[in-house]
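Next up, some structures in structure tokens.
What follows is chain A paired twice: with chain B in the first complex and chain C in the second.
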Partner chain A sequence: MMMRMRSLFVVLALGFAAPVQAGGILTLAQAQDPASYDPIDTFLISWGQIGSNVFDGLVQRGADMAIKPALATSWEFLDGGARMRFKLRQGVTFQNGEAFDATAVKFTFDRLLGPDGAKGPQQSNYNAIGSVEIVDPFTVDIVMKRPDPVILTKFAGYGAMIVPPKYITDVGKDVFKIKPIGTGPFKVVDYQPKVSLTLEPYAKHWEGISKLDKLIYRFIVEPDTQVAELQAGRIDIATNVPVSLVPAIEKTATLKVESITGPSVTVLRFNTANGITKDERVRKAMIMAVDRETIVKTILQGHAKTVVSNQSALSFGFDPNQKPVPFDPAGARALLKAAGIAPGTPAQIDFQSNNPLFREVAQAVAGYLTAVGLKGGVKGYEMNIMTNDIIPNGKTAEMFQFGWGGWTFDYDNTAYLLYHSGERWNPYDKDPILDKMLEDQRLSSDRAQREKLLQGVAHYVADHALEIPMYNLNTIFGVNKRVKGLVPPADNRFRLTDVTVD
Partner chain B sequence: MKRLSPDLLLGGIFAGGMALAVLSSGWTFPDNGEAMDLTARLRAPFADWAHPLGTDPIGRDVLARVVAGGWVSLTVGMLSVLGASVFGVFMGLIAGYFGGVWDLVVMRWADVQLALPFILVAITFTAILGADQYFLIMFMIIAQWVQYARVVRASVLSLREREFVQAARAMGLIDLAIIWRHILPNAFGPVLVLMTLNIANNILLESSLTFLGLGIDPITPSWGGMLADGRTYLQTAWWVSVFPGVAIMMMVLGLNLLGDWLRDRLDPRGG
Partner chain C sequence: MVTLLVAWAVRLSGDPAVMLAQGAGSINAQDLINIREGLGLDRPFSAQYFGFIGGMLTGDMGRSFMGGTSVGLLVAQALPRTLLLAVSGLGLAIIIAIPLGVHAAVKKGAAADQVIRIVSLLGLSVPNFWLALMLVLIFGITLRWLPPSGAEGPLSLVMPTVTLAIILAASNVRLVRSAMLDTLSAQYIMVARSKGLRDRVVLYKHALANCAIPLLTYLGLQFGGLIGGALVIERVFNWPGMGSLAFDAVSSRDYPVLQAVVTVLAAMIVLVNLAIDVLYRLVGPRIRKE
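Then we have the complex of A and B:
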């Protein structure tokens, strides 16, 4: 009884305290709760969507993908690029009132590159950094251990988001990860794990206060539920809309579909170490056997583009002149015959069973493989098992689904981690030539030359048929038309400062 | 002549009809419903004779898949129940007839198993091992023999004190012969009812696990797998999941009706 009384009071109090709506309340559904909001803990897009609103980096990337000043107002390269000097913005405070200065920058990177960061996945993205040196309270030097051509972009997100030193030292990591504090435009006011995260604008943000009154993320796993909630008007933006549900949104008058080029590319990688796919001819035959254009046109309903390498057209290292392997079932049959593959030899695709769209794609690919005389099969694995055991430990069948985000839009971020020997995501290949190519481009400081080298990697991977390049899937959002001022960026990391809801 | 029970009639039509369609699928749909045609995806049902029940998201014939998909369900349902009942009856006979320490061991084992949430255990195991249908069958046998053992043990406890069993013993028959000739036939009625109902249960269970993506390769048609195929199309292409749903319903309803009829027939107090 006491409890009920108390909750009644809370409801009343809230009812009276509600301010007049100006910018409105935006409710956004996403599939996943990142669970830890600490920037060093995660590589999830779901984190990026939220983190971009809570935190700031030294620089930021706009919806047009250009790098702009953020917590740093300007920067210059010294010592031939080995040292970067950042001038910091003055008068910035964290959402708890703590002042932002060079100490915070140093603390952030020391933490990222130290033992704390070593426990998370972000450190490896930044370990080209040697040290951070404070020049004066508003000037820092970042000294590189070795060149990283993408480092400036990497300062715009994820692990490089600036965190408050005093707050983290006081409350400890376990509190920080569920009650994050940044300098960003929105501060977290309530967190219900796996249910919702509520944010309010940070009044003293250096870009000025955001227009919304409140920003609520709801974690809804099922895409159908997201769309049903969108249709019912209980959420304003659904971020996980499968292609199959696009017509359902289109026929609702108050809703619209935003289908934009996304960062994620899907490929089917081969088990190049064992079985029939050890033979390059067999891999080539399988690539020729699959009609990817038709898959994109039918199953994906045009919400994707076929790719020739594991990167989108937006990526640095993309070669517009690289030609796809044409669909050629007769040629595939001839190659399989030349390789001595008996008709009916099984070729299995391992995939993540929670992905209904790829479940269809996988079955279609298996159908194409069956059509050229193999016995195409598919096997679904639970996501964690697939990403923590089956792939890194090299337990896959002939082929396995591989989707890669690549928010930096630089092919290095994909190619090095997927093709260099000994990397976690490269369980099978050990190719000294490819290793050398990947290392060389990292050492190159000349932009044009590095682009050439990366394109060379893409050609090499295609020539040796290490994967079936499938498609670059659009990110499809369902949006209520009452949401105004939304510019969905290609990296999915919405910054919702200018959005309003009617 | 006795009036034909509506349970028997309807149950026979539903379950029998479905079983007949499934068993003949090898002749009616020799491609096993696996032939795909991406250009003919999501055709609506009742529109053309090539695909009377429409096509699924990768252009496979829904009718062919519904009919061929029954194979998996029936195999899993039948084999799991057969295995569980044989093992369970055997254990129940031992526990009930010999009693004492046998009874104690078997029944405590059974108690422990009944305390385990089977579906959760099954989901965990299939998620880790990526199980196939034979694994599912094994799992159902392990989980369900207990029910048969308890039912049989209860019957045996009363049967072994009855006069005809005492008489058989007095005439010097060995235990095995008494069990086989006198006890088993009299204890078998409830087992038969349980089997019928459990086939239905296991078909549902197999469908649920396959729906969750944990059972069978999605290329091989199965009712649960088809439900999963159509999951994101409920608003736009209902036929992909509704027809396999109807198939599951008819099969399970039919089996349950047959089970009810069987129970009424075998229950001496019933009509």
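Then we have the complex of A and C:
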């Protein structure tokens, strides 16, 4: 009886304290609070997840990654692509009632490209834009300074989200960044830094009012804690689920796992300037030595796909006909012998030690290298040290982990920054042929031709064995089955307009 | 001194501009220069340091590099939560530890003493994150009596408090036991007993009061450690306190937050030590007379 009383008391107390979850309240956990919700301040996926619900761009991208009209109803390219003319949607208002028109578009881009934008990380993505000209209240021209083949996609996200001129001028940046106002389907009603952000549907959104009553983001760093909250039924979507926690979700009857193609690709890049990996034959041998299919099946439990180049199948520049280098330990041994590599020569993999999953992958790769006669080794670095010093200053061992990807899903975003001479992320290669290929595709305004050129880059990189293409890791979400209508998009930027919670 | 060391050391550890710019697409040298200028990192170290000290003296702790939030606001939110957790955890630990420690000392060598000693050894040996996860599994997920994480109300406090209390109580029990054993063999205890005083009065009034000094010293140290944020506990229970704040600041090289957190913690520890010294005088008449 005593026991009963006590549990009754606890149940009663819980009823008062825990958030009530009925009638369409969706609670989503993500690892990070972006801290500023100003679009020009950030590049974080955590911002993208929230920002896509608060703001709209001129265009938007559906879950299938296709570009669709948003605040612009149509657009055309003039002057051979140097000028883009956007027809704007009429009757749209910001969440504070302010009207949306060409002034807001001009204000947004002037701010992004001016001194305010220079303090943040977004400006460099839009540097190709020269100016924005107002043609009439609902027509704007965006004039390009130089070509940017990905610019249309970039209008669908991050820095190009349209912001309200009057509100920002009135309240100032410091208020705007914690009380953001956009034209998007949800408006911010409460913000507790590092704890939670609460949104409610914006009744006058141009796509119609969203179905949810309330949308709550909770910031939970630890994946275990996110999954515990999911199992306890206190959150509906966990966005930070490592492979090791998938079985825990699968075992819970009320939950399901959504494992979808993710935006980033992991490769092992070679130190092509020094040591044994200077020799292309050695690099080829190392690629042949590693059974990547098995790594994906076992360590990654199938939540990834092997890749043939440093991009996913969704990326522009992906060539479905490009063939992977087959797993061939005997061939690898022969190649190493031909290159005059003595058995037991060390081959070390440098990696970011904050990633326990990749540690296992690195150890497996080291094992495969040892199996063909090298002496595979691994060395973990703190993430900051690795990205600030070891990689850009060319201090890596024979191989180093490199994870890259972008929400634009365009191979240029990877290839140029990783393979062009003088780029920060390219400490070793200086190849005029590759440089030329990378520059040419940027100048091309013909989509089909540019795709061919990018595919050519991918083949060139593979032919010269600049990296071991490893895998495209899935993004794994844990979702409560009471959530209906959720289509997880590959760029992780959930737009939750049609979602309901039973 | 503390402030100087911290301000100097954090700047050795990496460039926050790169952390900010990473993933932005292309980073060129000019972007980094712009970002550093925006953060005020282009100024010489002395200017940055005295700016920080001047700010601290006037109550302005500066702004976080991540999103530009006021550091004062972040600390003002985190510190009370950490203090709450520290006080409740240590309080519960004392409530558990004193009766058990006294009992073990009185029954020295008996079965009860053995059990208490073994249990406290277990408590000392259990990793705190494991204990926390087990509590979450049982009370958060299986029974659903308590929220697995967050800081939403009194119920959210229960599991982090209990986890902390179990770990702290384990060492406190052993301390109370050994201090009591020393005291119980003293002559004044024999006198008290021979006066015919009841056991409880002898133990809790005469003996325990004389154990207070070492116990206070130890509790002061524990409390100081807890203010730094019971980092692992805060992470597992997603308790947004000083430990979480410091951890995030370290991983993103958020100098202003890190400097402020360390300075505030150093000040708090000085205060706690002062408070302990004052308490010595209250509980120890001999110290008062000196």
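As a working rule, the second predicted complex is superposed on the first by the 474 of 502 C-alpha atoms of A that agree within 3 Å, B and C clash if a C-alpha of one lies under 4 Å from a C-alpha of the other, contacts with A are read in each partner's own complex, and residues count from 1 in each chain.
The rule we apply is simple: a residue touches a chain if its C-beta (ideal position, glycine included) is under 8 Å from a C-beta of that chain, and two chains touch if they have at least 3 such contacts.
These figures come from a predicted structure and were not determined experimentally.
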item: Side-by-side fit of chain B and chain C on chain A, or clash; value: fit
item: Touching partner for A:I385 - first (chain B), second (chain C), both, neither; value: both
item: Partner chain in contact with A:P356 - chain B first, chain C second, else both or neither; value: first
item: Arrangement angle, chain B at one end, chain C at the other, chain A at the vertex (C-alpha, nearest 10°); value: 30
item: Chain B versus chain C as contact partner of A:T225, first or second or both or neither; value: second
item: Touching partner for A:A118 - first (chain B), second (chain C), both, neither; value: second
item: Partner chain in contact with A:A366 - chain B first, chain C second, else both or neither; value: first
item: First (chain B), second (chain C), both or neither touched by A:T294; value: first
item: Chain B versus chain C as contact partner of A:G376, first or second or both or neither; value: first
item: First (chain B), second (chain C), both or neither touched by A:V195; value: second
item: Partner contacting more residues of chain A (chain B vs chain C); value: C
item: Chain B versus chain C - smallest C-alpha distance in the overlay, whole Å; value: 6
item: Shared chain A contacts, counted only where both chain B and chain C touch the same residue; value: 224, 385
item: Contacting residues of chain C [partner chain A, same complex]; value: 13-15, 18-28, 31, 34-35, 37-38, 64, 66-69, 73-74, 77, 133, 136-137, 140-141, 144-156, 235-238, 240, 244-245, 248, 251, 253
item: Chain B contact footprint on chain A (complex, rising order); value: 223-224, 227, 242, 244-245, 247-248, 291, 294-295, 298-299, 353-354, 356-357, 359-360, 362-364, 366-367, 370, 376-382, 385
item: Interfacial residue positions of chain A with respect to chain C in the complex; value: 7, 10-11, 13-14, 16-19, 34-36, 41-44, 118-125, 174, 177-178, 193-195, 218-222, 224-225, 228-229, 231-234, 383-385, 387-389, 406, 408, 413, 416-417, 423-424
item: Residue numbers on chain B that touch chain A, as the complex places them; value: 34, 36, 38-39, 41, 57-59, 127-128, 130, 212-214, 217-219, 228-229, 231-237
